[in-house]
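A short write-up of the structure that comes next.
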Amino acid sequence: MTEPIITFDKVNKWYGNNFHVLRDIDLQVGAGERIVVCGPSGSGKSTLIRCINRLEEHQQGRLVVDGVEITDDLKAIDDVRKKVGMVFQQFNLFPHLTVLENLTLSPMWVGRMPKKEAEEKAMEQLRRVRIAEQALKYPLQLSGGQQQRVAIARALCLTPKIMLFDEPTSALDPEMIKEVLDVMIEMAKQGITMVCVTHEMGFAKAVADRVIFMDEGQIVEQNTPEAFFNNPQSERSRDFLSKILGH
Amino acid sequence: MSAASKPPSKSRWSWRSQAFRALVYQVLAVGVIALIVWFLAHNTATNMRQRGIQSGFGFLLGTAGFDIGESLYAFDSGESYLQAYLVGVTNTLRVAILGIVLSTLLGTLLGIGRFSRNALVRGLCRIYVEIFRNIPLLLQLLMWYLFFTEVLPSATEAWTLGPMFLSKGGLNFPIPAWASGHVWVAWGLLAGLCVGWLWRGRARRRFEETGQPHSMFWAPLGWVFLGAFLGWLLGGAPTEINAPVKGEFAIENGGALTPEFLALLIGLTIYTAAFVAEVVRGGIQSVSLGQAEAASALGLSQGQSMRLVMLPQALRVIIPPMTNQYLNLTKNSSLAVAIGYPDVVSIANTAINQTGRAVECIALIMLVYLSTSLLTSLFMNWYNARAAIKER
Amino acid sequence: MSTFTAISPRPAPQSNSGPMAWCKANLFHDWKTSTGTLLIGLILLWLLPRLFQWGITNAVWNGNYETCHAASGACWAVVREKFRFILFGRYPHEEHWRALLCTGMLLGLILASCTRTFWRPWLAVLWAGVLVLYLALMRGGFAGLRFVETDLWSGLPLTILLASLSMVMAFPIAVCIALGRRSNMPAIRSLCTVYVELIRGVPLISVLFMASFMFPLLMPQGFNIDVLIRVLAGITLFAAAYMAEVIRGGLQAIPKGQIEAAATLGLSYWQTQRMIVLPQALAMVVPGIMNNFISTFKDTSLVAIVSLYELTGAMGMAMNSEADWRPFRIEGYLFIALIYFVFCYSMSLYSQWIEAQVNKSKQR
């Protein structure tokens, strides 16, 4: 395998003094790989991906993203954030700006792009997620599924090398989950590295190169989707799968 | 697979880290503030030296040399400045505590009145609130003071309300003449309170165990009154009352409230009640209608629903802004200086004019008000923490 | 099985709306409401005609104090006689037009700032320009305009000047302090908290005392500042503390996710605050800030205690100047109470309108 784009090397994190939320995480993600992280709630999966763009700080171990080691160094953090896009469970769109303004904000103010260029790029991304006609609306005027697609487009405007998804469909009504997953599947086909925390096992089966199961802060098992779903190795994985695939 | 262990201490330090930048900013900020404070202090010291004003709080022990218009206890010009300040503090507390109690009562009635079925009542409450909220307090105080000093008749032609007299000299009312027996009344009251409290606890336990309702309010109240009455009997049943009579030039005897006090109290009460009414209205509105509906669906009566469901939830929303209003009332009592009521600001003003020690006197004023604010904030935080609805 | 037939809508049998129905529901619903209506109605029937007689029918509109003494009604003649003194205080009589012009300009600017169309960057420049013009015109001393020192600026123009200028200056200070209180840096957070709690814990009078008594002591020798500027500084610092609390409430209501999203997009702290957090927070707290403005407007009446004669002080001066008119002070008080009420109530209505607008924009 070529040089991995994300490397976790014995990464540990604590909340306060007693809650050991990430325990000796060893993980390597190759460029262009699509990873799905799953596990029961409280297992540390969100914390794991939030460490990648320093929304959470790890206390021990080494974390390297695209050749840059993540430490206290502000310049390093800025560099990494320009290459990593994130989509949140609660969308976190800026309600006082139009959809188009949401997308052009960062390219103009951080990427120093002229407005016209930024707007063209934004429209391109909006077309990609099939929501171009809503460009001048305000986020609260759109449905949940539409807002999440805008959020994905907003992250894509930075042309990131890595896309992180933190339970992107968990806050959506059931009939809107499909439109967001379709967008994510299409992105996956275009070769971007994706790390996705989700409960949508259908998505994992369709797209993921690797499924990582976490429990109590540790990576319990990682395997290809077919192997993981049909033949889980550990007791905990079997337990988890029976709960979510059961109903 | 390692078991949970403690986090390591930080070993590396980065010059470009957030922590370093934060340190720099803070050092800068503290440095600038310290420089400014030093500059001001230096100037003050120089100026005071130039003008021959001593600094320090020693002047508090000097003779005041002025009389105070009214006070709760005896004070004459021979006493010290410190005594004068204490009189000022008691005067402020006197009007503040009474003002808080009265404005809470009036404001709560007005706030509840906004929800009355009767449109006239609703309208009148609304008009009251809008009028008294939008006129400055100082103006209202001046108008009330005008009423008390110009519109009321002089003492010789005072209005009679039962055994009380209302005139330019204030309100005169009969009070029981203090005899030794009254101490027994106080003890009796205290004893009654204790018995009433214990009775209430017992009644509550019995209610929880058997489900039979036991009076948890009226019976303990009865005990309190019984205790006071027994104490009065034991003290020799003193009955002498000091009643006011119309003398030649003024009303003599009896208890008296000066026009300044009355104007300040009524002005503060009426002004603050308007704000309290809005706070109460906000609190009642904040409890969603579904709560009242659920309560009736469970078979609770109107009174029970109000007492057990609506009011506790409304109180959580009401208490913080209400405490704010109490603080505002206490601070607003400082306007007494405009109508001649000797509260702590008024006395400090006199002291500054006499001694020139502006810094010390103003510092004392601020100390009094800051301690009141601090105590009230502490109480509010405690209550908030206790009453907070527990969430996940 | 019966087939379904649609029923077309019919009018209701009893009238459920209209004035009669409203009266029935709101005034005479049950015996309690009816008794209340009757009682209040009787009291109003007794009170209102008397007030009307005193205030309007028996009142003296023109005349001198003898006619007023003789009449039993209100003496509005005193207001007619003295209204210029009440409104403009000690400002020279011939120069009143300048005060009027300046105040009109300032009010116009404030009204313009309240409408959406004017929320552009050049508004700040306009404010600066108008303020400079205001100060120059009021002060005079050039181009044939008589010099009027700041001691003589009084009455309603002074009230409006103090209130608006202090709010405008307090705003940036309040934003910085609110941000400081939410900062992660303990020193900055403590400094801001101490400032806010200190100011909020003491009455405005003590701050005004500080401004007028302590300021000369705090400044180096020979450095004299106008009493107007000192008082303005005091009111500004006072208002800033309260405004900071209101803004902090708005900042607290912004979900943390907004800041995280901005961070993932690479925005710096100040960019995030400026473009994401503050626009949303400030829009939310406009009613609170309007309340601050109303309070500050009312609080300006206190400056009479430190010898600046704004509207309330000017009225006191006007009424006390001639012993003849002194018994009719209540009419003067009512006159300025009306002025205050008109200003404050309009601001309160505006604030409610804004709140309704904000709520409207939140709905789909």
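Labels for the chains are A, B and C, by order of writing; each one numbers its residues from 1.
The working rule: a contact is a pair of C-beta atoms (placed from the backbone, for glycine too) under 8 Å apart; a residue touches a chain by one contact, two chains touch by 3 or more.
Small disclaimer: the values here were computed from a predicted structure and weren't measured.
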{"item": "Chain of greatest Cα-centre distance to chain A", "value": "B"}
{"item": "Which of B-C and A-B has more C-beta contact pairs", "value": "B-C"}
{"item": "For chain A paired with chain C, centre-to-centre distance based on mean C-alpha positions, whole Å", "value": "50"}
{"item": "Chain A-chain B separation of Cα centroids, rounded to whole Å", "value": "55"}
{"item": "CA centroid of chain B to CA centroid of chain C, Å", "value": "26"}
{"item": "Touching two or more other chains - residue numbers and ranges from chain A", "value": "none"}
{"item": "Chain C partner contacts - residues on chain A that touch it in the complex", "value": "53, 55, 78, 81-82, 84-86, 88, 90, 92-96, 105-106, 109-111, 140-141, 151, 154-155, 158"}
{"item": "Sites on chain B touched by chain A in the complex", "value": "1-2, 4-8, 12, 14, 16-19, 21"}
{"item": "Residues of chain C that touch chain A when the two form their complex", "value": "255, 257-258, 260-267, 271, 275-276, 279-280, 283, 362, 364"}
{"item": "Chain C partner contacts - residues on chain B that touch it in the complex", "value": "22, 25-27, 29-30, 33, 40, 43-44, 46-48, 50, 116-121, 124, 130-131, 133-139, 142-143, 146, 150, 327, 331-332, 334-335, 337-338, 345, 349, 352, 358-359, 362, 365-366, 369-370, 372-374, 377"}
{"item": "Chain C to chain B touching residues, read off their complex", "value": "22, 26-27, 29-30, 32-33, 36-37, 40-41, 184-188, 191, 197-198, 200-206, 209-210, 213-214, 216-221, 294, 298-299, 301-302, 304-305, 312, 316, 327, 329-330, 333, 336-337, 340-341, 344-345, 348"}
